[in-house]
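There are two complexes below, and they share chain A, which is joined by chain B in the first and by chain C in the second.
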Partner chain A sequence: MNRAKALAGAAFAAPAFALMLALLIGPLLVLLALSVTDYRLGAMAVKLVGLGHYAALFQDEVFQRALRNTFLYVALVLPGAVFGGLGIALLVHARVRTRSFYEVIYFLPVTSTLVAMATVWQFMLHPSLGPVSAVFAALGMAGVDLLNDPSLALGTLAMIGLWQQVGFNMVLFLAGLSAIPRDLYEAAALDGAGGGIDRFLRVTWPLLGPTTMFVTITSTIAAFKVFDTVAVLTKGGPLGSTETLLYVLYLEGFQYFRTGYAAAMTIVLLAFLIILSLLQARVIDRRVHYA
Partner chain B sequence: MTTRRTLLASGAALLAAPAISHAQGQVTLDVLFANPSFARFFTPIAEAFTRANPSIRIAFRQPAPNYDEQHQALLRGALTNQLPDVTFPGFNRLPELARTLAPRNQIADLAPMIAAEGDAWKDANFSPRMLALGQVDGTQYGMPFNASSPIAYYNPELVRRAGGDPDSFPKDWDGIVALGGRIKAAVPEAMGVSYYINSFDSDWLWQALVQQGGGRMLNADGSIGFGGPAGQAAMALARRFVTDAGMGLIGADQNRQQFGTGGIGVIFDSPARLGVITGLVGGRFPLRTAPFPITDATNGGVPTGGNAAVILTRDAAKREAAWKYVKYSAGPEAQKVAVEMTGYLPTNQRAAGPEFLGAWYEQNPNARSAAMQADKSLPWEDYGANGPRIHRMQQEILTAVMRGDVAPESGLQRMVQQTGSMMRA
Partner chain C sequence: MPTNRRPPAGITLRGIVKRYGPATVLDGIDLDIAPGEFLTLVGPSGCGKSTLLRTIAGFEPQDEGQVRIGDRVVDRLPPAERDVAMVFQSYALYPHMTVAGNIATPLEMRRLSLAERLPLLRLASPRRPRIRREIMAEVEAVARQLDILPLLARKPAQLSGGQRQRVALGRAMVRDPAAFLMDEPLSNLDARLRVQMRTELAELHKRLGATFVYVTHDQVEAMTMSDRVALMEAGRILQLGTPAALYDTPASISVARFIGSPPINLLPAEARADGAIMTEGLRLHAHGALPAGRVTLGLRPEALELAPPETPGTLPVSLRRAENLGAEWLLHAVTPGGTDLVARVPATAPVPERFSLAIDPARLHLFGADGQRLVTRLGLRVPA
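This part shows the complex of A and B:
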């Protein structure tokens, strides 16, 4: 009986498993295999280079810089994306009649195609034609060029990334807020938690734990994968200040055709994402209260 | 061995007796080109060709978005044996493509077909400099189809406000830098001259600055050639655009937009963008163009962008049909169509004559600048497989020099050294 059940279960899982094998695990194995060869797209002969690419990665200044830029970008985007999303969700949640209006306003950037929006940003930030520089000039900061100054460009991209992510996180937090039972607030009020801050710290924040964990992990991964704004707005420049991991990977794989090297880079990026997600899940999991 | 000989024999027989292939009936050529907007001249040329050769039909594949993606598609096609019969790769990608496909025997040497047409035909239609653009390692793999070399676009109103004469645009770089400085002084919110090698999407404009001074990126033996006086002058000039000609370091698109609104006096770009830039200007001022200033009159030149027709099919009947199509594309009738649509310069020297483009050039003086420097065409030099990577490295050094972070001399030294090590890598 149990055997039959197990077989039936396996049969039901088989299609999904086969798809996973074909679409995820298979390509991953090919990627691993490619990463130890010197394969170039179109090449006739392939040589094994072992871990040579991985060793080269840690000598490669461009890769190192991309790594630093990416971490910096994540560090700039993440706090704003999580706490900004939470803050906006709290404010929007408290609205009664205008709630859906604000939801739409903040969610619009998520629904827009970032590549198309990047073109709009390019105009907005144009050093002599754009409205943003006109505002800066009026504030006495003429000549500040947000996209072409190497010390500002990455921060500018982070702001655009934030603008895009905050709305999505807001929706996730709104869902989390709606799931908190009303009676918990009443019980807390009876127990003497009177003020809004008290209510937030004692009820809302702990109960939003699972949502916050999810938002933090997805936001980290999204920030790690920043590509479209870089490709459209700066192409990694000026002076390589906005070269991120995914962009360098694209250059290596699809512009320079160094497929083997790009494969090694992808493995490293993947490893980073897995480690980060595990770490966050571990750390946050201990503090999350699953109701 | 026997099969190869049989194949060769049958191929020779087909070439010798075109009647046989006609007897086989219709030939369809599978053609891939880059840049979807080019359909507006590829399509009419193909229609005219089929009218002249009813037995050959041209079937275009979905055009590749740009030369790089076309290159990728061709490399993938080589692996899966799904190459088009004829394709039009960018000049900067042609060497890499030929070196990848030649060992796989997937690209045709055009020399025998040109020889079969005779020297008289060759000399009447093509200058040796133009034909050289389609050669890789001494073999003629491509017939130049579209060609362009950088030209100056200028705003005559800004030139006039700076006290200059729009009808006599400076012919040397000192004159251009001085004009830029005067424009900046007269209209402080504008840029005088913008030579955007800091953000251009290839090393084309940088090569132009070296080649016009008589230098070459690579010597004949493949060693680096831009470390000499021409390179030093080019690097110093790059910095002077910022210090003396009122240039700001912004993106290439941002430059074109700002020029279009009347915010830059002079820019340098491809004549193939004449239509785009005219559209950006949109009648705000009477846009003018001028040939690229060339310092060294004997050895100086300009790198040629554009694409060449390449035959990839291995089938003898198709090769014969493909050559007819390639020959027609590089001929004066087809060139007239392509040049009128884009502003490219004709690759065929008969095309500029009065019976083809003469009248059109009379009516479109802005398109004439490119044609005026046709005899200055030099190859767009190629560093080999690591070319795009070398371009990014060079662009970073150029930006640093133009910003003033690095002195021009040490910037050039570093560029020579890093280019060398990346070429060997």
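This part shows the complex of A and C:
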């Protein structure tokens, strides 16, 4: 390739590269740098601590618990968010006249602010005032306090997270369903694969592969970043049973002002997200793209 | 491919009506397709030809009328039970399956139970491996016939358009259906491949001896492959007949216009009570009674011949453009009356600068004011 061409190519790539540098790579480098210092917000002097923070993370019981809670939360939300979204999309897609009505209903939680909705949930789940508790009481389980019982609180947050994510995934699956050519369903009907199960296994599920992969990765990341419901509803309690990575990170960085330590946590969180995404992309990608 | 192939089935349509809301897409179609026949439904887009095919397949059940395939009335049967196979314009191959898997699908659906098709659960079936082996043997036989044996392990995305077309044909053939339905199967191919596949399809039809119902908007495909052609317009069949019949004795101006390339020349004319027909200063006469009034004369481009200028009884025209097709010329000319004409003449000599066009009255088509063909013999009166 001649020099002029190479130069032109670099010039075209430059704006995007500059933006990436300023908005992604730069902050990441700053974060990396902070994570090896004992910087506290507003401090005048900074000392290098090397990998000390990372070593401390492995000893930090709060962090370990937050890590466990976060993984548990993801494991609780993910199957429901993906398969629930798919199921609802399949049902809504089959509607003709009521389709847009159901789309709006299921998408509403996505458009609402989770912090505002969390206060609504707080009322709904209130042990003495909330309708949910009333239902539990009517079923003979009076006194169940979904947000203050250490064994139930994380699960309750997961259900709220699911409620919020499932509508978004439904919309993604609906888009995926609309992209499946009608011819393929007709060919399947002629081939004898017109029944619900065969049609799903031969056409719908395989052709939704790329959508499913995308939904799984975005849902995982969204669940990993759970924060607002924790901050509003439980503040990590009871007994730390709902402390999640992002919440602990927020406490360290913005309540205790241990910026360096929080930076190290962020790096670990990022590493998890990148590893998870790569794993999913590598494993699934080969099975869902047929070109 | 099973060697003891079943005899092909005929298809009978009676009074088929299909409406979408206020629009009538099929307006009382009656059609008898003979067993083993290659019948083409042709017409401009929106004429209802694809809808008719989809009605036969069972995708869009008719509002009125009856569909009979072989000796069964199939009106209430779902597509899979109508015993027809279809080749789609988009080929509609399963993208996640190999060529072999695609072709095997209809057989698997018929010979394996639901449990034997489900992931994991299927492994429990002791007879499944044997059935799969039989199916694969048939798939290979079909693939060999279509010359796609080396492609069996590939996915559709790795195939060319022509190869995908063959796989779609294979998936249809492997079932040995009572009839093949084809919905513009060549439209997605490039021009050269289309010509080649035309020949191959016609040969395949001959070899299989099966009933083909073929939908196309391309009159060349209709003319070159079919035993009979049904020309449709606005939900009705305008004319049903052999390609030659449609070309030589079009039932109406619409048919005459649609069939033939370049299209037929149409000259406005005036029929008089005494049987004379006047056009462009020419005087023709009809042997037989004609109602007086406006009529239209149709002349195929090859029914016009070069004549020296100002020959009596010819059309004096001025040349607009001459197209050299190698063996022949297409002469685009205009009459003194302002009608455009195309003449197809042998390219034996250079095109003269001035010329007239001679008409062979025996090859003239006469259409009445309603556009319908008038059956009468025509003569040309040449002034002395």
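The working rule: the second predicted complex is superposed on the first by the 282 of 291 C-alpha atoms of A that agree within 3 Å, B and C clash if a C-alpha of one lies under 4 Å from a C-alpha of the other, contacts with A are read in each partner's own complex, and residues count from 1 in each chain.
The definition used in the following text is that contacts are C-beta pairs under 8 Å (C-beta built on N, C-alpha and C of every residue); 3 or more make two chains touch, one makes a residue touch a chain.
Everything numeric in this text was worked out from a predicted model, so none of it was measured.
Applying the stated clash criterion after superposition on chain A shows that chain B and chain C can sit side by side. Of the two partner chains placed around the shared chain by superposition, chain B is the only one that A:N148 touches, whereas chain C remains out of contact. In the superposed model, A:Q255 makes contact with chain B only, not with chain C.
Contact with chain C, but none with chain B, is seen for A:A187 once the two complexes are overlaid on the shared chain.
Applying the stated contact rule after C-alpha superposition, one finds that A:P206 touches chain C and leaves chain B untouched.
The three-chain arrangement built by superposing both structures on chain A places chain B and chain C 150° apart around the Cα centre of chain A, to the nearest 10.
In the superposition on chain A, A:H126 contacts chain B only, with no contact to chain C. When the two complexes are overlaid on their common chain A, residue A:G240 makes contact with chain B while staying clear of chain C.
For the pair chain B and chain C, the least inter-chain C-alpha distance in the overlaid model is 47 Å. Contact residues on chain A toward chain B in their complex (touch as defined above): 40-44, 122-123, 126-129, 145, 147-148, 234-240, 251, 254-257. Chain B makes touch with chain A in their complex at residues 68, 72, 75-76, 78-79, 100-101, 103-104, 189, 198-199, 201, 248-251, 253-254, 257-258, 261, 263, 385-386, 388-389, 392, 395-396, 399-400, 403.
Residue ranges of chain C in contact with chain A, taken from their complex: 57-59, 78-80, 84-86, 88-90, 92-97, 105-106, 109-110, 114, 117-119, 155-157, 171. Chain A makes touch with chain C in their complex at residues 181, 183-184, 186-195, 197-198, 201-203, 206-207, 209, 290-291.
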